Structures are given as C-alpha cells and as structure tokens.
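Same chain, two partners: chain A is paired with chain B first, then with chain C.
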Partner chain A sequence: MREYRFERPGTVTEAVRRSGSDTAYLAGGTTLVDLMKLEVMTPGRVLDINRLPLRGLDATGGGLRIGALERMTDVAADPRVRLGYPMLSQALELSASGQLRNMASIGGNLLQRTRCGYFRDVSMPCNKRQPGSGCPAIRGENRMHAVLGTSDSCVATHPSDLAVALAALDARVQLQGRDGVRTVNLCDFYLLPADTPHLEHDLRPGELVTGVIVPRLDWAQRSIYLKIRDRQSYEFALSSAAVAIRREGDTIVEARVAVGGMGTRPWRLPAVERALAGRPATSNTYAAAATATVDGTRPLRHNAFKPELMQRTLIRALLELEQTR
Partner chain B sequence: MTKPAEVTRSTTGGIGESPLRPDGALKVRGEFAYSSDLWHEDMVWGVTLRSPHPHARIRSVDLTEALRVPGVHAVLTHQDVPGTNRYGLEHADQPVLAVDLVRYHGEPVALVAADHPETARRAMKRIKVDYEVLTPVSDAEHAVHGDGPRLHRDGNVVRHVPIRRGDQNATAPVVVHGVYEVGMQDQAFLGPESGLAVPAEDGGVDLFVATQWLHVDQRQICYALGLPADKVRLTLAGVGGAFGGREDLSIQVHACLLARHTGKPVKMVYNREESFYGHVHRHPAKLYYEHGATEDGRLVYVRSRIYLDGGAYASSTPAVVANAATLGFGPYNVDNVTMDCWGVYTNNPPCGAMRGFGAVQAGFAYESQMDKLAAALGMDPVEVRVRNAMSEGSTMPTGQVLDSAAPVAELLRLVRDRPMPAERGELDLRAMPGGVSNTTHGEGVVRGVGYAVGVKNICFSEGFDDYSTARLRLEVLGGEPAATIHTAAAEVGQGLVTIEQQIVRTELGIQQVTVHPADTTVGNGGSTSASRQTYVTGGAVKAACEAVREKLLKLAVTRFGEPRANLTPAEIVSVLGTEVIEETVEWRHRPTTALDPETGQGFAHVQYGFAAHRAVVDVDVELGLVKVVELACAQDVGKALNPQAVVGQIHGGSVQGLGLAVMEEIQVTEGKVRNPSFTDYLIPTILDTPPMPVDVLELADPHAPYGLRGVGEPPTISSTPAVVAAIRAATGLALTRVPVRPEHLTLEEPR
Partner chain C sequence: MRLNVTVNGEPRQAEDVWPGESLLYVLRERLGLPGSKNACEQGECGSCTVYLDGTPVCACLVAAGQAEGREVRTVEGLAEGEALDRVQQSFVDAGAVQCGFCTPGLVVAAHDLLARVPEPTDPEIREALAGNLCRCTGYEKILDAVRLAARR
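Presenting the complex of A and B:
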C-alpha cells in the first residue's frame, strides 16, 4: 500500500471542497481498501465520509430515497424495500457475503470496480488502470467478462447486483459537487468503456454520491432478482436478471428488465420490455422476448455461452416471478 | 508384544472413543495460536520478491534503492545463500532464490527484512530486476513429446512410470475410449504460510513454522544454510490446514536466512494471494484411456497414457506419477494392462502433494470409463463395477497381491442400497440448484444418481524407509500417573494429537496424557501425508507404550515380589514413586520395494484404502446449475480409533472432491495464475455442501497397528467421479473435464 493522508471532513461541503483528483472517498472500504492494498488504486488522500449525514432511508411521498452511506444489510432488511421493491432486497442479499454486506455502503456498491483479474493485477497491462496500456482480457482469461457494451479497449464486467435492479427501476443518483447538487439517471451515470475505459462514471471532480432515488413503482412489488453463479453463495453473477412485471389478468401491461454479469455496465433491455408489453404472460411470450437480448452481444473465447445463458436467465426470471404472486 | 493393560476399563477417551480434541475448544473460540500469530520482542518482518513472469532470464538485480529505505535490515539474493542454493522433496532442483532464470510466475527472487511489513513491501518494490521475458512452456503433453525448449538440464520429463502386465496386444469385443482432463486444484488451507525464525547465540537458528514434516524441512534448511542439523531446530507452530500444500518449503529457508543476516527474529506471513504462489497445487492432468471388456462386462484389458503437469520444479511429482500409474486402473481385476504415466516440467506453477496424490486424477478418468463401459454394455454402473471388483487376494497391476481386506464390492453395495434421499421439497429453496438465488422452484430440474469407487495407497511407498519416532515419559504427577508423549509428527488439524492421547490411555490404562509440542529434539515423525500418521506415528506411540509398560512391569515385580499382568493407576503410582520411565522408539511399517523401471512390477505399497460414493444431484439443465443433494460414502477404515474423527475425515475428503467436481480450479493462462484469491478461486460453501451419510467398515488389516487403515485420502478419490457421474445421468452429457461449470451443461452437445 502506498502512503496516503487520512482525513475526516466534518460536512459534505467540506468533503467535496477537499476532494481532488488524487483523492478517494472512504465509506465501507470493502472495495477501496482491497484495491489500495493491491496498489490498483493509489490515492494520495483518503477522505473518510462515514460520519457525514448521508444515512437514512426515506419512503415518504412514494418511491425511496436511500442515503449513500446506508449499509447493504440494512437496506436489504428494510420492510419498505423488502415488500415494495423485492428485487432490490434480493439483489442486495445475493451480493457478496454477510460480512461484506454489513460494511459495504450503497454509494460504494454503485461505484465498486470490476473484478477483472487483469485490472486487479498491477503487473499486467489494463486500459482501465493505465489508459493505453492494452487489454489482455480480450485474448486471455475472459470467462467472467462482458458480452454487452464492450470495446476493443475493455471487456470488464460491471460487478454490482444492486445496480442491475436499480437500472430496472429507473433509479437516479444524487450527487454533490463543488458547483452544487445534481441528479443523474443511473443508466446514464455509468459510461461505456469505448476507448476511455478508465472513465467509468459521470462524476465531476470531487463529486460525491449522496443518495439514490428509486421512483415510485407500485407494481415493483412483483419483481425478482435472479442470479446464476458458480456456487450457491458469495460469488459474482455469471448471469443475472432484474425483472418487474405489471399484469392485468393474463396480459403483461408493462415490464422492467435489466441484466447483470453481461455488460460493462448494468444493462437495461428496453427491447425485451417492448416485446413483453401487451402480450399474454406465457412461456412463448417470454421466449420470444428473450431473443431480443442477443442484439449487439460480442462473445469472447471463454464466454461464448453468455448470450444463450442470458436468454435462459430472463425466461426463468419471468417464470419464477409468476410463482411469487 | 505385551497385551494392552486391562485396566483400560477404568480410563475414558481411549481408542474406539471420540474424546474432545485438546485443540478443539480453542479453535472454535478463535483462541488457538496459529503460526501467523507468532510474535517475538524486537522481531523484524520478511517479505519475498517474486517473479511476475512464468519464464524469464534475469539479466540483473539492483538492490540499491531498496537498501536505502529507512527501516530495512536486509535485502538478500541468491548470492547470500551460504549453503547450496537448491532444495526439493525428491530432487533438489529448486533454487532458494532464483539465480539467472525464473521458471514460474511467483518464483522467489529476493528477500527483504524490515521493521514493519509495509516497509518491507515498499522496499521490495524498489528492487530492480531486469528480466528478458521468454515464452513459457505451458502444455505438459507437448513438453514431453514436442520440440519445445528443455526447462531443466535433463529435459522436461520428471518421471515416466510404465506398467506392463499380461498380454500387451489383448483384444476385446466391447471397447470404450476416453480422454479426460482434470484442472489444477488448490489445497485451499485457511492458515497462510507463516513462521518465525529466531537466531541463536550458538550460530544456529530456531524456526517455529506451520509445516507437515519438520525433519524434511530441517534437512533442506541445513543444506541451504550450510549448517549441521543441531544448529537448525524446528518447532511446529499452529497449523491451519495443509492437505499436502505444506510438504514443500515456503518461508522456511527464507526466514532463517534473514534471521541469520539481521541477527534478529524474523517473522514471515504470506497474504492470501502470495499463498497461491507460495505452495504447490494438485497436478492438472490429461488422461487417455481405452477399456476392453467381454460382452458380460468383464475387463479384458486397460490401456492408458497419463500426463501430469508438474510445473516448474519436481516437488513430489515422481511419487505422484507412481501413484497415478499404479492406482490408475482402479480397484478392478484386469489381467492385461498397459500404462505410461508422465510427470512433466512446464512453466506452470509447481505441483506436488495434495490429498489423493495422483489417485484423484486417475480416479476421475477410470471411473468415467467404467460408466462409459456400463453404458456400452447396457449394464447397471454398479453391477459392472461389482463384476470386476478386487477383493482380498486380488493382484494389483503391479503384481502385488492384496493381503488384507479389499471390500470393493461391499462398499459399492453399501452406498447403492442406502435409501434414496427424498425427492426435492418445494419449500426449502436451499435444496434447489442455485439455492436461494431465485433460480428455480423446480423448473428445469432433473435428478441424477452416480456411483464411484476408488483406491489409494496408504503410507510412503516404493521402498522408502517410512518410520516415526515416539518418546514416552511416564511419571507420577499430583498423585496420578501421567504420561507425556513427544513426537515430531505434525498435527495439521486432522486430529493426530487426540489419537496419540487415546493410544497412550488405552495402552497404559492411565487418564492423564500430555502431548509435547512437536519439534526436532525428538526423532523423525515422517510426513503428515499419505494418510499415514495414525498408522506410523500411531504405531510408534503404541510401541513406545509397550516399551514403557515392559519397564513398569519389571518394576512391579520388585515392588510386589511377583509378576503382574495389569496395574491399576493406584498401583502404577505405588510402583513408580519418584521414578520416571522414558522410552524412545522408532517404528516402521513392513518394507515395500521399488517398481521395476520397465514393467512397473513390485510390492510398492504397504496398504490400500478403499472408499465408494453415491452422489445424488439435482441439475437445472437449462441454467447449468448443480445441487448435490446427497453424497453418501462407504469406507473401510480397518479400525476406527476415533469414530468422530473418521467421519470428519470422510466428510472433508468428500467435500474436497465435490469442489473439484463442480467449482475448484486455479486458472492458469500462459503460465500465469489468474485467480489467486478466495473470492476468485471458489471452494464449496456450507450451502454447497450436502448431507453426507457415512458407512464405516472395520475390517482389520493384520499388518497395521490395531488393524487400522489410513482414512484421510480415499474419500477424496471417489467423490469427484461420483458427482460427475450423477450430473451425466441427469444431463446425458459426456463431461470429460473437471470442474464442470454451468456452461458445460448449457452449451455442450449430448453424447
């Protein structure tokens, strides 16, 4: 680990003012400390924001507003989340391990870095870590890597389960910077790697995630987060799906669909949503809609199974959702 | 031999019982002192600079900047190795610190000692090594037969073991072929490599270290340091699991070198990533098999070629090769066999000992072949195995006759005849493939059942002088007879210390038994491997008890004026008074012989252990998820000295086999380890672990102490093929490689 200055700003304004290009905010630390030990991240200053008033879960006025420093465990257990937005609770509970969820914050979860082994190995090139150095994953070990949103510079998968569910819910990210506060759609908050994979978020210098807004969606009570992984607990998604369905009788009126383990960012699938809307809730509809996922996938040598698995994941999520009536 | 004292009736916690482990409560409470907890006043910290390349020439090493870092006490390279810069379990082919060539990703190049571990790491990063990167040799089969570079002076073959027995041109009406692959498995012990070296005033060094074999460590350290054995003293520190991964050196020589250079105690602890580079792994294997059988399912011949990737250095590859070859046909009667098994140098991570030791790789292949044969014959997979099953009196492919129980058919019948687990419940999602991850309420789920049986040699083989030493002291303490048992055998978590206590209690009929810390002030205890410690060190402890008892009974004649067969504890107190009886005994099992280098014939193994598994799995065939519903095991243990420990070993071995079947693999790409963490290298969690009912047979081996048969490894052999057979049964897929991953179930074509 490199040497760094540890500071504990007393207010959000002060935190934002003190922040600079060489600064990292410390919340739960489950990503940052790990990556600092590996020297993947080498901030000169670490601003501990844990005492800032960025906690709280507010459900007044419909929807949810989740403070950035809320811990994953607490948000997952909150009955307003559990009952109103089950896919959020499920995405959180299927993330990481109990110990990590007790520490990791919601804001940190949204900003967590990819688990790409080359990104984490400072002896290897990585365009995300060292722009222009190259991407060994494209020809190397890439079973867990992305098939959507990739570029010739980067194929790293976005690791968050929570962000997939939030993408399906049209969540917005609240930011505070030196020039004030602003709110960004979560889907726009994540940038595609293109030829600048080191730029992952629409974050201005010093900007701090202060909260997440989940707009009111009453029919999210019927939603699901399904996760496929190599063991039953404590593993990243090989494939996952967040699905919410509004039905009238046997007809699907509206759908929200996003997938994880597939994209360089959480991946909303509007084409699948359109293919579901207005159709009868049958497995034929699900299968037909799922084919709309394949557009634009770019499989690599070791992850050619992913597009097919994504379809099956979606179909199964839709079927499982029927059982949670 | 004298008989055990009948006064055992008055003692508890003797053999056949399951007394509390002396280390158990401490471990459960988190209070046990592991080697990584060692601490010494004034100690400094050692770290290791490792090669980032799997194959490279070292042009130069510049230490200047590292030495300038305040707080640094020493920076060492191969030039600072005072003795011979070579070590190795079987061939001394591995440099303590690389000289002009690195042969694997993670090979140690230099050492730093500093007053803080972070200072040491920062200084380490300032060492400038100029590498000329070379192309790594990464394919074992090609390394043997191809025209690539020679990685060691004598070429790329560490060892080739041929077996030729019977008609080499035999033919059969039913023939099945298969090519199988086994990925590189890690021992995944939880306690990272660690230890503390303390320089002594006599110019020697005292090393406290987590290891499997103190004396072989000592021998290699002496060789590298150029010191006599009395100047290098080892004490076993708390070991957090081993499974073979601590049989080779890790920090041992490095810490001692740094301690001698700095004149200070030096502590070294690997982190998890470094641990993946710091110990050997299970050999990945490619296995070619051809089985020929009669139409009624009797094996006529088996032909096999096996390639075991030993990586950059030999480690225990020669012995692993012998095991894979001699056990490579499984516990089946077959007259005509042809085997060529190679252990190979590549630039992959060094591979060596891991639970199952060559028998695991072969077991996956030959059991897959038996299923294939059953399918070709239209026979039941258990029936085809039973029809060919070895039994006492059978001849191994090495010509060795099985001269004790070999209940292969009975073990298979035991697991087959168990009641099947209930059909999946609809309520508990944890019982489903995918578990609580919302993947199914039963959609796409197909059940499969698979069987396998395996064989493993117990103890060291091929003429190795395999022995252990036990020193037993009997005296009166606090008015009670008390024994202290002292061996150099490593307790690595398996429960040896409990067994030692149990044996002494039973043999001497006393209650109070203290296990002295294992160290090199007593003779060699041999390795904690090959399922051998209860057999060999247990045998030595028993023999030491007998020697002590003989002396005690002689004293009793003086005391009572007449010979006594048995003594009560009170009588022992009265006989001993202030006398102390101490006996040190070296004990060896009956000798084995070398394998004939042309034909592979010989009395190579002292004992064989057999286990069978039945795996029941639910497979979500659409999503590729596997839930092992139940993993039943039957094993002959000769005599269960500690029944609870026996079941624990069987459970542990079964789960390690399950891990290899469905998730565990070190990913190596062009010689580089890509997943050196427990986040990326997956081992089963408790949610992946099924109920594991166990049948234990106790068919005494007349050659072994108490008739026991080593327990630790056999269940690891048959677990993997049973799980994969069950997945095949559910999916109809060929599945020729482990671990089986979701994509193998969703993308592969049915066979």
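Presenting the complex of A and C:
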C-alpha cells in the first residue's frame, strides 16, 4: 500500500477546506481500505470523516433525510424505512454481509467503485483507473458487465443496490463543498462513462456528500427490491429490480421502476412505468411492460443473457409485489 | 503514531503504528492476539471478524486510525478465564471445526447473532453467517453448533 497521511477533521467546514485533489474521505472504509490495499486508489492524504456530525435519520414531513454517515445496518432496521419504504430496507439487507453493513455508510455506498475485475487489477489496462489505457473487458471477461449506458471506453456495472432503490424514489443527494451547499438528483449525480469513464459523479473536487433526501411517497409502502445473484446471499447483483406500485382496485395508477446489475449507473425505466400506468394488474400487463426494458441494450459476449434476465426479474418483482399488502 | 484502543476490556497502546495498517494487523502483529485470522484481506471471508464498539466488523478493512479511542473485542475475549463461551464450546461439541481457519470469525458472528436473536431460525442463522466462508466443513456442522449454542 502507498504511504498516506491520516487526518481526522472535526467539522464539515474543516474537512472540506483540507481536502484537495490528492485526498480521499474515509467513512466505513469497506471500499476505500480495500482499494488502497490493491493500490487502485492511492490518495496522499486520507481524511477520516467519522467525527463529523453527518448522522441521523429524519422523517418529519413524510419523506426521509438520511445522514451520509448513517450505517447500512441501522438504516435498514429503522421502522420508518422498513414500513414506509420497504424497498430501501430490502436493498440494504440484500447487500454485502452483516459485518460489512455494520461498517459501511450510506454516503460511501453511493460512491463505491465498480467491481470490474480489470479495474481492481493494477497490472491490467483500464480506462476508468488509468484514462486512455484501454478497456480489456469489452473483448474479455464481461459476464457481470453492463448492457445499458455503456460506451466504447467502459462497460462497467454500477454495483450499489441502495442506489437502484433510491433512483426509483427520485432521491436527491446533498453536497457541501468550498463553494457552499447544493442538492442534485441522484440519477444526474451518476455520470455515463462516454469517453471519460474516470469521471463517475457530479462531485466537485473536495465536495462531501452530507446526506440523501427521499421525497415523500406514501405508496412506496407497497414496494419491493428483488435481487438475482449467482448464489443466495452475499453477492453482487446479476440483475435486480426496485418497484413501487400505486393501485386503485385492480388497476395500476402509477409505478416506479429501476433496475440494477444492468447499467453503468442505476437505471430508471420510465418507459416501463408508462406501460404499467392505467392497466390492470395482471401478468399480461407485466409481461408487456417488461418488453420495454430491452430498448437500447448493448449485450456483450458473455452477458447476452442479461436483457432477458432483466425482463424476468421485473415480472417476478411485480408478481411478488402483488402478494404483499 | 501511537494507537489507543481498549481490547477485551483492557486499555492498550500500540506504538509506531502506521495509520494505513489494518486493525487486523495491529491486533495480530502488534498486540499479540492472533485469534482473528487473516485470509482474504478484502472483506469477503469474515475470518477477521471482531466486535468494534459492540458490532461485528471485518478487521481487515478497518484502518488502524479508525480504531483510535474505540473498543475492540476479539475471539480471545469471549471466554471467561478457562471456561469457554457457549458458542465456542458448541463448536467443539458439534465437531464444527476442521482446519479451524474460519472458526474464530464464525464464533464471533454467531456470538453476535445469539445476543441479538436468542432463538434464531435456520434461515436467520444462514443469513447471519453469510459473510463467513468455510472451505472445509460444508457448513452443516456449523449450523449444528449454532443451534446447540442457542439451546444452552
């Protein structure tokens, strides 16, 4: 591991003032410490932000405001999340392992890096890690890679489960930097790789994620996060779906749909939402709506199964949601 | 730097710690506590599981600096003197140990589970131990051990 300086700022202003191009913030460390050991990330200074007052979960007014340093375990178990936004609890609990969820923070989860094996191996070229060096995944091992939002420079999947559920909920990310505070839509916060895959977020140098806002959505009480993996537990998604449905009688009035394991960023599917709205809640409706998922997919050699898997995942999520009250 | 941590109830100091070292390294190499094992170093196997301020974490992904001023309980801190904790005793009695490399992490994870959920169902046991990989036993004896400990 490369040597670095370790600092523990006590306030947000101090953290932001001290940070620069060669620094990294440390929250739970489950991504950063891992990637520093592999020398994929080599900051000269690490700012431990765990003393900053970025905790707390607030539900006054109906929506949620989750502090960036809240731990995955605690957010998942909070009754206001579990009852009001079950897909968030499920997305968190289906992520990583208990030990990791106890350490990992919400802010760090949103900023975790791709699990692409070439990205994690410094002996290989990778445009994301080393701009301009090439992308061996496009013609190499790409079973876990993305089919949506890819470019000729990078086809890496975004790994966060939480971000998929938050995308379906129109969540916003709160940021604080040297120029003050701002809030951006989570979906815009993630950048497509295009020809600059090393730029992943709408995050200015030194900017800190301070929290996440989930706007009030009463009918998210009826929501689900379904995750399909190579093994039953403790694995990243091959495919996942975050779905919320508002029904009146047997008719779907509104829907929210986002998928994971498919895109270079969490992927909202407005075309599927439109195809569900106003239709009867039947398996025919689900199957018809699911066909809208494959628009614009670009399968690779080893992941050509993904578009169909995405449709099946979505249909199963909709069927399982019917069983919940 | 000098690192101050309370380990198994005792305030300890480790000298000349480089903050980039993992907590696991500090425990094993500087504080003489080799119970927590070093296997994958990537958060994938759970062999390094310890309590940090009362919650189980992977010590291999905790930077030493993060542990400053905090409380750690390792597998060595579970037994009361010579008397093994009921989870440890159950792993022995159920024959849940082969090479033993995964055992300390599993014992800590199971210890935490039973503190939170005194009578866990099989799916609850499976999920609670999902972050701990064992390459020898096939897990059946481990499940037996946790069920046995829950009854004790």
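Everything that follows uses one rule, which is that the second predicted complex is superposed on the first by the 325 of 325 C-alpha atoms of A that agree within 3 Å, B and C clash if a C-alpha of one lies under 4 Å from a C-alpha of the other, contacts with A are read in each partner's own complex, and residues count from 1 in each chain.
Convention: contacts are C-beta pairs under 8 Å (C-beta built on N, C-alpha and C of every residue); 3 or more make two chains touch, one makes a residue touch a chain.
This structure is a prediction, so every number in the text was calculated from the model and none was measured.
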Touching partner for A:E308 - first (chain B), second (chain C), both, neither: first
Partner chain in contact with A:R115 - chain B first, chain C second, else both or neither: first
If touched residues of chain A are counted for chain B and for chain C, the larger one: B
First (chain B), second (chain C), both or neither touched by A:S123: first
First (chain B), second (chain C), both or neither touched by A:V33: second
Touching partner for A:S233 - first (chain B), second (chain C), both, neither: both
First (chain B), second (chain C), both or neither touched by A:M1: both
Partner chain(s) touched by A:Y225 [first = chain B, second = chain C, both, neither]: first
Footprint overlap on chain A, where chain B in one structure and chain C in the other make contact: 1, 233-234
Parts of chain C lying in touch with chain A, wherever the complex brings them together: 1, 18-20, 22, 41-43, 46, 49, 52, 55-58, 61-63, 65-66, 68, 109, 112, 126-128, 130-132
Residue ranges of chain A touching chain C (in the complex, touch as defined): 1, 3-4, 6, 8, 26, 28-30, 33-34, 36-37, 46, 48, 50, 73, 96-100, 102-103, 233-234
Residues on chain A engaged by chain B in the complex (per definition of touch): 1, 90, 93-94, 115, 117, 123, 140-141, 143, 224-235, 238, 304-305, 308-309, 312-313, 316-317, 319-320, 323
Residues of chain B touching chain A in the complex: 52, 118, 121, 430, 434-441, 443-444, 622-625, 627, 663, 667, 669-670, 674-675, 679-680, 682, 684-685, 687-688, 741-743, 746-747
